[in-house]
Amino acid sequence: MNRLNREQLAARVARDIPEGAYVNLGIGLPTMVANFLPVDREIFLQSENGLLGMGPAPEPGQEDPELINAGKQPVTLLAGGAFFHHADSFAMMRGGHIDICVLGAFQVSTRGDLANWHTGEPGAIPAVGGAMDLAIGAKQTFVMMELLTKQGASKLVERCTYPLTGLACVSRVYTDLAVFDLGPDGATVVEMVDGLTIEKLRELTGLPLALAAPRG
Amino acid sequence: MNRLNREQLAARVARDIPEGAYVNLGIGLPTMVANFLPVDREIFLQSENGLLGMGPAPEPGQEDPELINAGKQPVTLLAGGAFFHHADSFAMMRGGHIDICVLGAFQVSTRGDLANWHTGEPGAIPAVGGAMDLAIGAKQTFVMMELLTKQGASKLVERCTYPLTGLACVSRVYTDLAVFDLGPDGATVVEMVDGLTIEKLRELTGLPLALAAPRG
Amino acid sequence: MIDKGFASIDQAVADIFDGASVMVGGFGTAGMPDELIDALIARNVGELTIISNNAGNGETGLAALIKAGRVRKVICSFPRQADSHHFDARYRAGEIELELVPQGNLAARIQAAGAGLGAIFTPTGFGTLLAEGKETRRIDGKDYVLEYPIHADFALIKAQRADRWGNLVYRKTARNFGPIMAMAAKTAIAQVAEIVPLGSLDPEAIVTPGIFVQRVVQVAPGAAH
Amino acid sequence: MIDKGFASIDQAVADIFDGASVMVGGFGTAGMPDELIDALIARNVGELTIISNNAGNGETGLAALIKAGRVRKVICSFPRQADSHHFDARYRAGEIELELVPQGNLAARIQAAGAGLGAIFTPTGFGTLLAEGKETRRIDGKDYVLEYPIHADFALIKAQRADRWGNLVYRKTARNFGPIMAMAAKTAIAQVAEIVPLGSLDPEAIVTPGIFVQRVVQVAPGAAH
């Protein structure tokens, strides 16, 4: 069974982002997707701290502490990029102007509920940032994550046990083992890594997964 | 009895506008106030169609059809002026950032209700523009008007009979005969033209007007 | 390569359909996208809902669209003007529905649509005819009216310069409703005086980022199309 | 002549009082008004309510204010960070109250305050812990939470250039919350790298018109005060 590594997973997500898409990449693993976007496609990266047309990391020594992304890493601005304030930035998100948002997750339910902001552990200091706005705002919210926890539990679940970020907001989940489409009728397996079967995947997740018809 | 003419009335209002005030002058008579603002005071004129720091009318031949005031007359922009969009412009108003708004009126009630947008005549096509936003948004709303209609009826009334623009929003009324402060307790006469008495003013308006204590 | 520039103004409005809701920028004639409206008139679609501050002046622009009988409903703040005779006639004949909205509420409702809000409590209009039948609420001792966002299928706006990504800057008070209408419409179409190379607009001074603009078309001042 | 420029940063914050609500701009360290915060710390007022995206990093800025025990409550979206140990300690000790707000709701509520709205229905947070106990409503098939505006007595923000009327332009992503906090506070105080003569800022490119700014103070990068 060929588990995708982080780079392969980022590359897999990048493949599904079409030219001209307005995209917000969440903090952490999703940020890596930027490195795999095909150079022949113009794709607009938005960062919710107020920039659109985000470019790659600057050359060493060229960092500008006032030009950062939502993960507070130094970035650059492409020609054609723009700056704006936080209310306009989240209007882009909440108003449905972003085509695709890619987020990490602790858990995703088969109908698309997302849990990615808080483990709910006693004593943990909660912090939400833009997670809830990102989850429900974009036209499509993709999640990328490893399918199983280190303990082997499925993070794709019937019902999230962690505190929710948003309800029925995730349309697609990219994992190291398979890609799933989510919706009111549950999860459908769109693709699997070589050597994996739908039966094995059902066993790993404990879910009654449907299998998408093969594409023409 | 020395009725103030339109220029005198505008000058009287202008006298009460302090340096540094952010002011919106309504369409019509209030626009004239700009001509009488003391040149030694910096006063910021806002026009709700998107400019702050409005200057006087341009020299003939210098008109720019894209630089107009809310009355759609050509204006100029002072050094230090700024342009902005309509939502930001009305945020200035509704958010209480404008210090003084000066409006005309059909009627004003003694507790400060304003009627200035619609005569309510059958068949009249209604048009409100920014009147309702202006009426209730500024820190202080001044009205300037002739006290009496051509038929001799008082436009300062116990209760407006025309459709309202806003409730309890006018704090002060400047008329050709007297200046009134309005509030929950009714109208107080702040000043009268030479030759007018409070008794005569009560008779003209039919209102139980209070008289302000003379200023120290 | 993404290029939102359209070669012809007719193509830019080619998919505006019968019954569409169309925002039209401008305050009086400043910022009025006359050429886009002319192209829309030429398309011969009807039953339009127009969202704009005014309802047309004289014989051109919105007034011409109304004269041509293409408009079913107008949502605006100030329809009645000295030279709004085409609107007046259609309205008096019962051929046009009017939703009158205070200008600041119009702006706030358009902005709310662009920002994805479900409704807003605004103080403007409370206690007046224009709030009749609407939900109200007292919040912190002040009275508010509940108003809903205004979305549209299309926005026709006028800006000064654009690039191929749809970034826009405006000119003076022609800016007015342009930026918020671009945000509130599914398809925002901007006519501009000039399309400039990518990177020539100052990223600090772009008023409407391209994400809010789907099409731009260059219109030489006064040019026929 | 109106000159909103203050000669010293200490004077600019001299009337911030015990128990005041203070908005603090910045996202991480970008746009954080460090020198204004230092001046506030020097004033020795307490029981402050701080509205900011974060709750301080490391040892400077907001973190130092919290360390000094001046903060009673924090309204923010993201208090917990690798180096937010001063907030963490005070919070765990029960010495600081936290109101956690999704970042976009924080921005929208601040903007609503500046714009004079009474409340807004926002979709963000619906069905989550952060909407518990809040009024909700289904509008056009979508669920929303009712959220109230966030006003403040003061806003401390950082901009790049100002003129004596308080017009501001920002620099890159340091803009973030500055423009909307200036609108939402009774007294907005901007530290800027440069105060330029009136008329030198492009009126098309002014981001925050002076009406929203009460005080500006020039702070040389890295200067002591």
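Quick notes on this structure:
Going in written order, the chains are labelled A, B, C and D, and every chain counts its residues from 1.
Just so we're on the same page, a contact is a pair of C-beta atoms (placed from the backbone, for glycine too) under 8 Å apart; a residue touches a chain by one contact, two chains touch by 3 or more.
In this text the structure is predicted, and so the values were computed from the model without any measurement.
Listing every chain that touches subunit A and subunit C alike gives D. A centroid comparison over C-alpha atoms places B as the chain most distant from subunit A.
A separation of 33 Å divides the Cα centre of subunit C from that of subunit D. Centre-to-centre spacing of subunit A and subunit D amounts to 29 Å, using the average Cα coordinate of each chain. Each chain gets one centre point, the mean of its Cα atoms, and the points for subunit B and subunit D are 34 Å apart. Within subunit B, the positions touching two or more other chains are listed as 77, 83-84, 87, 90, 93-94, 137.
Multi-chain contact residues of subunit C (touching two or more other chains) are listed as 108, 111, 115-117, 122-123, 170-172, 204, 207.
Inter-chain contacts occur between A-C, A-D, B-C, B-D, C-D.
Considering their complex, residues 47-51, 64-68, 72, 77, 83-87, 89-90, 93-94, 118, 123-133, 136-137, 163-167 of subunit A touch subunit D.
Only residues 108, 112, 115-123, 137, 139-140, 142, 144, 148, 169-172, 202, 204-205, 207 of subunit C touch subunit D when the two sit together in their complex.
Of all the residues in subunit C, the ones that touch subunit A in their complex are 1-2, 111, 113-117, 163-165, 167, 183, 198-199, 201, 203-204, 206, 209-212.
By the touch criterion given at the top, residues 27-31, 53, 77-81, 87-88, 91-92, 98, 100-108, 110-111, 122-130, 143, 170-180, 207 of subunit D touch subunit A in their complex.
Residues of subunit A that touch subunit C in their complex: 19-20, 22, 42, 44, 46, 52-53, 77, 79-84, 87-88, 90-98, 137.
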